[in-house]
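The following pair of complexes shares a single chain, subunit A, combined with subunit B in the former and subunit C in the latter.
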Partner chain A sequence: MPRVFDEWKALPLDEVLGLCRDTLEEADFGPVTRWREAGGKIVGHFQVYFPHEIVHAAGLLPLKVRGAPVEPTHADSRFGSYLCSILKTSLELVLSDTIELDMFVTHPICDAARNLAAVWGRNFQYPCQILYLPQNANSKHTAQYLRDEYDRLLEEVEEIAGRKVTPEDLSRSVALYNRDRALMRELYEIKRETPWLVSAEDAYSLVGIGGMIPVEEHIELMESVLPQLRARTAKAEDRIRVVFEGAFCEQPPLDLIRMVGRSCYVVDDDFMIGLRYIIEDIPAGDDPLMDLAEAYLERSSYSPVQHDNRKPKERMLVERIGGARAEAVVLAAAKMCEPGLEEQVAYVQELEKRGTPYFVNEFEENMTSFSSLELQVETFVENLLFT
Partner chain B sequence: MIPPSTAPSDIVGRGNKEGGQLFRQWFANLSEVAERKERAAYVFVMGSLNEILKSFDMPVSFPEINALQTAIRRVSHEYLDEAEDIGYSPDICGYVKADVALQMRGGEHPMGKIPKPSMAVFTNACNTYIKWAEIWERMYDIPIFTVDIPGTRQAGIVTMPGQHRFENDRRYVEGQIRELITLCEQVTGKKFDIDKLRDCMANANRLSLAWERLLALNRSCPSVFNALTDGTVYLGVANGFRGTPEGTAYFERLVEEMEYKAAHGIGTLTEEEYRLIFVGVPCYPIFRRFNEIFTEQGGTFVNSTYLWFASGGTNRGYQYDTTRPIESLAEGLLLSVRDAMDSMFHQYAMVREMAEEYSTDGVVFHPIKSCRTVSTGLADSRRALMEETGMPSLFIESDMMDRRVVSEAQLKNRIDAFFEGLASRKHQSKAEGAA
Partner chain C sequence: MTITAGVDIGSTYTKAVLFDGDEILAKAIRPTGFLLTEIARTVFEECLATAEVDADDVAYTIATGIGRHQCDFKDLAATDLTANGRGANFLFPGTRTVLDIGGQTMKAIRVDERGKVKSFRLNDKCAAGTGAFLEKTARYMGYSTEEIGPLMTTSRESVPISGVCAVFAESEVINHLSIGTPPCDIMQGAIESLTGRSVQLMKRAKAEPEFTLVGGILRFDTMAQAVRDRLQKEVNVPEGDLCQYTAALGASILAQQRAALAATGGTARGVGVRVAAP
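What follows is the complex of A and B.
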């Protein structure tokens, strides 16, 4: 397995964090290119959740396709108006040859994303598919269905890898991803308990980089960085604690996260929630595909695009706020994101009912001007601090 | 069979007349339910499960149809404004917003009164169905049930009954249908009657056959109905009356009418010069006018993807096996709703075939702001169609509900230019033929 992200190893902590930010922000997908140049194959998967273990077990790189701050010069002609940016910039990355894939998988997370398999498939020869993650999490038949759907995906992946994947291969991958998710949970614990030790954009970048490098390398990075973060001597400041909600799919620009982080401590959020969607270790059983399916249904977080009668989103948000001891919420939604904008109404109504302060805004991944937004955030924060 | 002595005036046009009557009756029935303070099951056009709900004698309401009627009756903006006032974004589905406002108005609707929901049943054919149902769950604390239908995974790879992967999906759908039946028993307090289900399925079988035949009849030249305007009337009846004797009788009489028209060379009111396919959802805020801009120039819509997906895939003509009703309902639902989804996501190959079968001169792509399910892939689909076939096409954007993004003048300019292209192409083709 080629190594693709070693540059951080000799660097001090601040430079490691800077490198992660730059790698994520520059959108040239250097580690992915290095993987490709070393002969590795890549399965790109659209937001939100994807069972990386299945692709990893076959020796391929699962790449989170989550748009980028680029102009959709080529992709614009493939789409009409009234669509979110992430659709266009994701396709742009492949049309412009920034990344090269061997397979693309999207999910039925929203009406726009489901169309991506067809759009992509008309432009590329490799398999472009929908992984039908269930939208009925409450049937007793769902786990078996999902296990079968994962089995179908596995067959496709084996075809690309040119080899069979054994249950032992899968179990090894599950164990590695368990470790990786545990480290991300630890990072979030640092955010919650000592938010002055890690900035919002650094925490974001540390997680985000995991969507484009092999899990083994991400584990090494996190195992190195987390103790160093804990050892920092920064002091707590008088900032309000906020939850940032609404970045489950299209990601806000790093500058926006940085801007919010300048005024507040972002103590929990749904940034890159797909990478953290499974919230407990997946137990090692005899049937790893069933274990993965069961974890998706029973050991998972929430987002506006995963329906589960047991998880009304506004109640889940309230739990997130409570768990993080947040004082307020930044309720964001990507422009033209139907599920995000619809959920925003339910969130507002719930927060109003509870008297929890909130700040509503819309964003786009390649927005570049933040001065007006920053003024609004500062006013919101000052209102909370001084009234 | 139509007796030979039947006068054309007795048969031509009766489909629209009877469809209108049925529709008014439909809303009158819903109003009566609302007046009695009773409730209705809320369902959607792509996979309504009407067969199950009718077997429990549940009144059903189609919020999509309620919403589009506000646009046709030119009051949708009032409903949209009210929903936007409480925080719904201008950029989301107009149907959802019209319904939210309707609920806030206690069911007040231009066609009558809409009862509150007793439960909501919906498939994943449109993800917004799910978000929409979550709104009712919050408003009324009612049970909501997703019947999750796995669609086509990759263009060109279609699984069929008997194949391992298809049967996995079918079992999943069947399991959910059985759970839905249990929920209906709880909501209605009635015991499930499988023979009543068989009756509903038998009616749905006849309706599906008639729908399939109806669409095929429009291959006639001239076409026997306008797929955009007349087709929308038929769609309303096909959805609202699916599984009922009235719906079956209506469609069998409609097919008779269209057979008659085809046999006698009777077309629509349009002097048919250009046969067009419509891809997308109609522009309801200027429904009649939108169509007129085409018909004034000799264009008529002979088919549309709307008649496929908004009928929930009834165009497949799937026939239930009533000797094994639940299993067959699962199979039929899977095949039909999957087909409806294909008409939206993978419509490119279907449109290509349709264009040939219906001797088409051009394709009109009409993406709309409100519906990303239907609209997201249309620009690329058009690109691919033009690259492969050279088929003339038009790409115009507007909306199904929101008149703020409907500019008649701009639409007309684009449509006029399209017809100029079609005329010039026809002229050139004639000249080449003469040479």
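What follows is the complex of A and C.
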């Protein structure tokens, strides 16, 4: 398996974090290119929920397709102007040859994402398909349905890889991803308990880089960085603790995260939730595909595009707030994002009912001006801080 | 007695104030330059030396101004809107509108009876309505910032200077100089141009009396007088150089609030004691 992200190894912590930020923000996808140049194959998967283990077990690189801060000069002609930005910039990355895939998978998380595979497929010869996640998570047949769906995906992946994937291969991958997710949970524990030790943007970058490098390398990176973060001696500031909600699919620009993180401590969020949606270790069983399916149903984080009657989104948000001991919420939604904007109504009603302060804003991955928004966030925070 | 600090890292000057809840113990000012973290520490340490107290005696520090996030010893950052509101309220409790003419920005801030910000308006992204505009105008004519005040007192008849753009204004200044217009009249014209923009900004903010003017440029009486004339209303101006320290003072007052809260366990510096409803 080729190594694609080794540059951080000789660097001090601040430079490692800077490198992760730059790698994530710069739209050249260097590690992905290096994987490709070394002969590796790549399966691109659109936000949000994807069983990375299936692709990894076949020796391929699962690449989180989550848009990029680029102008969709080619992709604009494939979509209506009323659609969200992440669709266009994701397709732009392949139309502009920035990244080259061997397979693309999307999910019916919204009408636009469901149609993405068809639009994508008209431009490329490789398989482009939809992974049909269950619309009803509460039927007794759901786990089996999802297991079969994962099996169907596995067969396609095996064809790309040119080899069969054994249950042992899958179990190995599950164990590796368990380790990686545990490290990400540890990072979030640092955010919650000592938020002055890691900025919102650095935590975001550390997680985000995991979507473009092999899981083994991400584990190494996290195992090196986390103890160094804990050993930091940064001064704890008297800031409001907030939950940032609304980044489950399109991601806010790093500058927006940086801006919010300068005024408050972002102690929990749904940034890149697709990389850490399994919230507990997946137990090792005889049927790893069934284990993965059950984990999606029983051990996964909520989002506006997961349909589970046991998880009303507003109640899950309240749990997130309570778990992080947050004092306020930044409710964001990507422009033109129907699921995100729809859920805001329920969130706002619940927060109003509970008297939890909140700040609502819309974002777009390509926005570049933040000064006005920063002033609004700061004024919101100061109204909470000072009587 | 609780000692708190306010550090205002402005675009042109960095100011610090030590406050004990009743009065200012020390204040210091330096040109900001390019090393914001260092200059913040320098003015803070100058205050400590003047007041003969240790850094550990300072219960709480709030940084404000454009460079507030660069202050590495702060407990909290606050916008200069909030800080100026509280500072103006302390100096003139009847204040309901603050006009802050800073080096790079101009702000009209409406406040309530406690000095809390109700609404605000900022100038456009343009130097034409700021202290930098006057400084540049003076510099074109070979005068320093400190000479602006004395220069304006000799003016007999101001000449019109564009209030729209500081870049256009430069060529206007050159034109006026080339036809022999006295520099004092050009300077007065620039002041009136700036005053016109500031009054427009206050109208947009739906300003209501009492008006308090703050910012380094208010050291020159002619500036305040020009605003009075344009508004046809009385305005408050902090005495002496306090007009430059209003935001730092306000930050130190806000710091008293947070220090009192911290002392009673109302806050725990980021560990979130004030928990949202479960």
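Methods note: the second predicted complex is superposed on the first by the 387 of 387 C-alpha atoms of A that agree within 3 Å, B and C clash if a C-alpha of one lies under 4 Å from a C-alpha of the other, contacts with A are read in each partner's own complex, and residues count from 1 in each chain.
Criterion: contacts are C-beta pairs under 8 Å (C-beta built on N, C-alpha and C of every residue); 3 or more make two chains touch, one makes a residue touch a chain.
Remember, predicted model here, so these are calculated numbers, not experimental data.
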Combined model on subunit A: subunit C and subunit B, fit or clash: fit
Contacts of A:Asn309 with subunit B and subunit C, given as first, second, both or neither: first
Contact breadth on subunit A, by residue count: subunit C or subunit B: B
Partner chain(s) touched by A:Lys9 [first = subunit B, second = subunit C, both, neither]: neither
Which of subunit B and subunit C A:Glu338 touches, first, second, both or neither: first
Touched partner set for A:Arg241, first subunit B, second subunit C, both or neither: second
Which of subunit B and subunit C A:Thr387 touches, first, second, both or neither: second
A:Ile109 touches, of subunit B and subunit C: first, second, both or neither? first
Following superposition on chain A: angle at subunit A, subunit B versus subunit C, Cα, nearest 10°: 110
Which of subunit B and subunit C A:Ser263 touches, first, second, both or neither: second
Subunit C versus subunit B - closest C-alpha approach in the superposed model, Å: 19
Overlapping contact positions on subunit A, where the subunit C interface meets the subunit B interface: none
Of subunit A, residues touching subunit C in the complex: 193-196, 235-239, 241, 262-263, 265, 267, 318, 321-322, 324-328, 354-356, 375, 378-379, 382-383, 385-387
Touching residues on subunit B, where the partner in the complex is subunit A: 86-89, 91-93, 96, 124, 126-128, 130-131, 134-135, 137-138, 144-148, 150-155, 165, 168-169, 171-172, 175-176, 179, 341, 344-346, 348, 367-369, 371-373, 375-381, 383-384, 395, 397
Residues of subunit C defined as touching subunit A within the complex: 60, 69, 72-79, 81-82, 86, 114, 116-117, 122, 254, 257-258, 262, 267, 269-272, 274-278
Touch list for subunit A against partner subunit B, complex: 77-83, 87, 108-112, 114-119, 121-123, 127-132, 134-136, 138-142, 144-145, 148-149, 152, 304-305, 307, 309, 312-314, 333, 335-336, 338-339, 341-346, 348-349
